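Next come two complexes, and both contain chain A; in the first it sits with chain B, in the second with chain C.
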Partner chain A sequence: MRPILMKGHERPLTFLKYNREGDLLFSCAKDHTPTVWFADNGERLGTYRGHNGAVWCCDVSRDSMRLITGSADTTAKLWSVQNGTQLFTFNFDSPARSVDFSIGDKLAVITTDPFMELPSAVHVKRIARDPADQASESVLVLRGHQGRIARAVWGPLNKTIISAGEDAIIRVWDSETGKLLRESDKETGHKKAVTSLMKSVDGSHFVTGSQDKSAKLWDIRTLTLIKTYVTERPVNAVTMSPLLDHVVLGGGQDASAVTMTDHRAGKFEAKFFDKILQEEIGGVKGHFGPINALAFNPDGKSFSSGGEDGYVRLHHFDPDYFNIKI
Partner chain B sequence: MADALIEERAALMGIDMSQIDLDSVQLPPGEDFGIISDDDDLYREDTLELDTGLGNIIIVDNLPVVPREKFDKLEGVVRKIYSQIGVIKDDGLWMPVDPDTQKTLGYCFIEYNTAQEAELAKEKTNGYKLDRSHIFAVSMFEDFDRFMRVPDEWAPPETKPYTPGENLQQWLTDEKARDQFVIRAGSDTEVLWNDARQLKPEPVHRRAFWTESFVQWSPLGTYLATVHRQGSAVWGGASTFNRLMRYAHPQVKLIDFSPGEKYLVTYSSHEPSNPRDPQRVVINIFDVRTGKIMRDFKGSADDFAVGGTGAVTGVSWPVFRWGGGRDDKYFARIGKSVVSVYETETFSLIDKKSLKVENVMDFNWSPTDPILALYVPELGGGNQPARVSLVQIPSKEELRQKNLFSVSDCKMYWQSNGDYLAVKVDRYTKTKKSTYTGFELFRIKERDIPIEVLELENKNDKIIAFAWEPKGHRFAVIHGDGPRPDVSFYSMRSGNNTGRVSKLTTLKGKQANFLFWSPAGRYIILAGLKNFNGQLEFYNVDELETMATAEHFMATDIEWDPTGRYVATAVTSVHEMENGFNIWSFNGKLLYRILKDHFFQFLWRPRPPSLLSPEKEEEIAKNLKKYSKKYEAEDQDVSMLLSEQDREKRKMLKDEWEKWVSRWKQMQEEEKLERQNLRDGEASDEEEEYEAKEVEVEELLDVSEEVLSFDYEE
Partner chain C sequence: MAFDRNGSAAPAKPSKLRWGELDEDDGEDLDFLLPPRQVVGPDENGIKKVIEYKFNDDGNKVKITTTTRVRKLAKARLSKSAVERRNWAKFGDAVHEDVGARLTMVSTEEILLERPRAPGTKGEESKVAGDNLAQLGKGGAVLMVCRTCGKKGDHWTSRCPYKDLAQPVETFVDKPAAAEPTSTKGAYVPPSMRAGAERTGTEMRRRNEENSVRVTNLSEDTREPDLLELFRTFGPVSRVYVAIDQKTGLSRGFGFVNFVNKEDAERAINKLNGYGYDNLILRVEWATPRAN
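Then we have the complex of A and B:
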């Protein structure tokens, strides 16, 4: 089906997130204003105004009531999804890069970039049920990554936190004690900066995308490498279909090195891989810049991609997509 | 630490350090007492190499023995002779004196700035006659130890028992009749089999940092040559690539094999010590098997620059072109108004003199016979016409000559069997403002070598590419202006007349700028490289039909395998992206695709010519069905096996995954309760087949009351 082109952001997209029901799509971009769309027809529902810098990441609570966003203005903000009011602001000393609600939405993990002399860090915050009781103290702060942390997410039962970033190493931390439990193997792991990390729906595994032109699938408990998907371009975004065994990689040549002669040279395609066989099945073209963000609708029947070109493209699959045989 | 040393030293010498104002101490100009200033570091590093060796020192022997009074005079004479050749270092001339007699000892040492200068001095002045009784004997200081170790008595060399070498042709005996190729990507060089049946390459040998600049197969495929700072080396052998021979040539830049791979020509150029001098060029010719230098050529780069009277600078490689086919009998190079032809029996000029051809611009050997084609441009403002002539070697007899008028340029193309020679002639139009192109076609193997003139239908078409069909009688031309030129095919034979050229067909408007004939003939790829982004058209010239069109985006190189069964297209690191290669079947089916970053080279391993007699080949061609049956059966077996293996592999992967998932599910089940607790009792994700309920929400937006007046009719 023809993709729906959603023009609402003025700057490159950074992150996309569906709510649990899959009727809302939240998009973050470098233009300071996270936006919420109807996931079915691409109509814009509203924006969340208040950030004063690029917004890097967001997460929405299970009941679709709360939105948390992390921004380069060194804050993470809690919003009311319904009416767009700011509920609370967490202040940091450096840009907030990634945010993730825990199971039960009582905790949130927020990562901050290295800035001036400050090293990058992973902060765990308690999220109060009532915004009036919200405290800004961190329950736990984890340090140890070299360089930027691209993403940190909760492990099973909120017992662990998985983080990955510029140093190409994936780390698993104990979310109670802050102890480093596991590190990815240098031999089998990524060779260059990890740019994205996405958990499967059931939380059993996750994929990481890296600038080493590959994506890798890991067991979330043991951090064993299960699969590797090799592509031709640096990977900026990864996601997995909740319905079929498909992994989608998005990326493209670095924006600063983009050719001006032919759009084919950049390979700004969303590439579909068979999750189990690690084989490429197909690709979806359309963006004229690298793809920075990818998200699958929880029903698995549509997905959206956000590019450096400032567009979100919403793709509803044709029926024959569900019968791909290889 | 340093201060303590200084003070200690000062105390030893009886100097009171406190009395000295260090800032007032001035070093003599040019002297640094071995203390390197920080700024000098870079400079130091450059020259360090020269200082460590003793290669820049020579010993001059057989000097006159003179008493003290005449010492200065002799030194002056020696200095004068040797400073003409290069720059002698300060204090670089040392003539020892016998302490008893106060006479010189009849020899001296001279140190130059560079080893090259020393070598040159040795070459030029060894045997120099100062006077009748004093003939210089010059040797390198480094050689001195070697000479001293020469035993006084001759001992017969040991005869080593014969050990059979490896079979260097082992790769030709591959059961599946596959071809090899070498690729260079990043720091790795790798030799692989092209396993088209399995649709992937099979590694043979791989080595990191195998070469320092490039690799090259010898023309018959026996050796793989690598290039290093110290020289070149060849590798080969039965299974693994062992080093077979080394060829010492410092800073070698370029190498070239003779067609029969008996000889290897190596080339290096060296910066002169005086920047105004031309570069020095060293060319060595080695015997490939023994590693012995057969002949060396040294001189300034100007001597080796080709191009007649034209002021072309730089050396065009190969300097020496080999003639006489695979016998490697002759090699020649072009000089100013001469063509120097050497023969390999004695490695000297044929008849001891070069072939004098006034203003010769270019020459080409026939690929099979010792025949030279020479091109001499127009002279005297058109009074003397341009000339293309064929010269037989070693008789130097002119076989055929053709005068050409108002010529701007000529290019010569030999057909691979040496049957035909095509000369592309660019002529000026009457106004001299533009040029048009025609072809002079020589039939070498026919009596008196008839020449035919061919002009394109549209005379003003620019010729973009020209190529002979290997071993055939046809050729292809890309001609025309603009982005979509035409491609025409010609045959040297017409229907019933074998002595006439005829046009086969013209394909209009093709995106092509390069032609690649299959080495077996018949098939050709019309390729649009560079600004055509890698368009490929696979064309069958027998049937005059296009077999396939394809694209290898950004492709820079195309090479047929030596059998003409497969084609490799590659994107090398001239582009930053897409690096890697594709393998196609001869009819344009993409077989497989390999991506490699920093991809530098793709080279098929050449094959020596077939040992079958022409009759036998014909017989095989006739009964092809009989022979091919066996291979077709094999192909089928392989493809069956392959799909079987594939299926199995997939099944295994699927099973593995299932197992992993089921294990996970079990754990997930165990933790279900905990998860529910985390969510305050709300059901967990898996069983959340939540119902979609339609909820109607009524929202009261505004309530307003309006009083309407009615007029009651009374």
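Then we have the complex of A and C:
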């Protein structure tokens, strides 16, 4: 395959997200302007100007009309996907790290970093249908994580919130009462900071990537460990193919050590693993820095990766990818 | 869709506006003088042409023709809303996108999903390694570098099948008889020069000489790859050598080609003897065995 290279960002990529139909690709980077691209040919559709700090995360509503972004400028913003206008700004006391729309787009979960003695927190906001009615109050605030919360997502039927972060513990919260329901085991859980979390298409399980050089597959209801994928570099990004039983791990050595070694030694490939057999299928090379973000097109026929090198690489699979046998 | 950019820049026709009527003001934006952007196609072959005009750094008008091939995706199933989104107007920084700003490029490099173990290859590799080990006995294969032909891991210098075809180091080859007495003194004697091993060495040499073809009257610029290109059509070639003058670095006008099969060598001689190559007429013949 010949990947499409998108050089719209000046700074390292932080997050990638496809909309539901898979025709738009949203990219967030440390350069303040989230960008939307056409996912088939990589043409830039537009940018969302207004943030004043690195943008860590984004999510798009099911109808592809609203975009929510979380930024290090201590705000999370709602945007109109079509024309890039700001609809609303949520202000926090510390940088916003992760955002996720609930099923039905009526709620959003936003996590904030620990900052100036403030502990990290998970905020739940109600999203109004009409931006004019939008309120800034949090419906619920969850505290309990030590250090940054890398990602928080909605569980099945919006009944739970799953969060994971620097303290390497995955937590499941009740989204109504805010009660902590489950915690991942010290024995089976990650040993170092969790960097990414990604739900499966049907929402029955999720995969987490960690700096302990592994990715783990969990049951979303019971929080039981199902599979572990071991690699030889810290995992910054994980994603799952919606079509095949494949898990993709992206990572690489620490960005501060990149200039000191050859790019081959950095292990900057996206590694494909068989979801069930936990065996490596292959690697896709190309980035000159660690991979920070990975996303699969909902049709499962292409995926994109965003790196510390500022490039988004959009890969459309060759036909023989679909009949790989282990 | 795929991009296939063949950008070409050519000075456009002089504009109708007289230059004298224009202000000499450098900072003035003259973009209104430029003809509008034209889009031609896409035609039935999917070739789309975009013709744009802009001023370059010297203030000259430049016509930029971008030819792209638009490829329809087979069986693309797009939702209605996705088709609608396709026609959305650009916004943000994408509105004022520079003509020259190529934000989206297609990689020139073919990227493959690299399998950790390509099927088949691993087995072969281990087999080769096994063979080497068998030949070697217990020597480390990594250390085995031939000083004559520079090949790694295949044979020792003393067993090099090509050594007598290479640069004259005959002193080495012609010495086995003389070497024997020295061995009694306890000095190191390469295994091939010891009494027992000598036979195999010469056998190997003869076998290689049999399929060796001498090529003379080569032009000075002919290099080994060229010769390989020329002779490869006849069959598998095991070695190509062009004699280079060590002082001048120029070709001495002759070389050797070793074929794996004798028949191929024969055909090559029949075909290429008298063949015009680089303004010279080649002479191709069997390499005469070196007279010891």
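Operating definition for what follows: the second predicted complex is superposed on the first by the 324 of 326 C-alpha atoms of A that agree within 3 Å, B and C clash if a C-alpha of one lies under 4 Å from a C-alpha of the other, contacts with A are read in each partner's own complex, and residues count from 1 in each chain.
As a convention for this text, a contact is a pair of C-beta atoms (placed from the backbone, for glycine too) under 8 Å apart; a residue touches a chain by one contact, two chains touch by 3 or more.
Everything numeric here is computed off the predicted structure, so don't read it as measured data.
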item	value
Side-by-side fit of chain B and chain C on chain A, or clash	clash
Comparison of chain B and chain C by chain A residues contacted	C
Touching partner for A:Gln253 - first (chain B), second (chain C), both, neither	first
A:Asn83 touches, of chain B and chain C: first, second, both or neither?	second
Touching partner for A:Glu232 - first (chain B), second (chain C), both, neither	first
Partner chain(s) touched by A:Val284 [first = chain B, second = chain C, both, neither]	second
First (chain B), second (chain C), both or neither touched by A:Leu24	second
First (chain B), second (chain C), both or neither touched by A:Asn158	first
First (chain B), second (chain C), both or neither touched by A:Leu5	second
Chain B clash site on chain C (candidates 57-65, 129-137, 165-173 or 273-281)	129-137
Residues on chain A lying within both footprints (that of chain B and that of chain C)	21
Interfacial residue positions of chain C with respect to chain A in the complex	1-3, 73, 76, 78-79, 81-82, 85-86, 88-95, 97, 102-116
Contacting residues of chain B [partner chain A, same complex]	533, 553-554, 576-578, 595, 650, 653-654, 657, 660-661, 664, 667-668, 671, 674-675, 678-680, 682, 685-686, 690
Interface residues, chain A side, partner chain C - complex	1-8, 21, 23-24, 33, 35, 37-38, 40-49, 63-64, 82-84, 269, 272, 280-286, 313, 315, 317-318, 321, 324
Footprint of chain B on chain A - complex, ascending	21, 62, 102-104, 106, 156-158, 201-202, 204-205, 219, 221, 226, 232, 245, 253, 257, 259, 262, 264-265, 267, 275-277
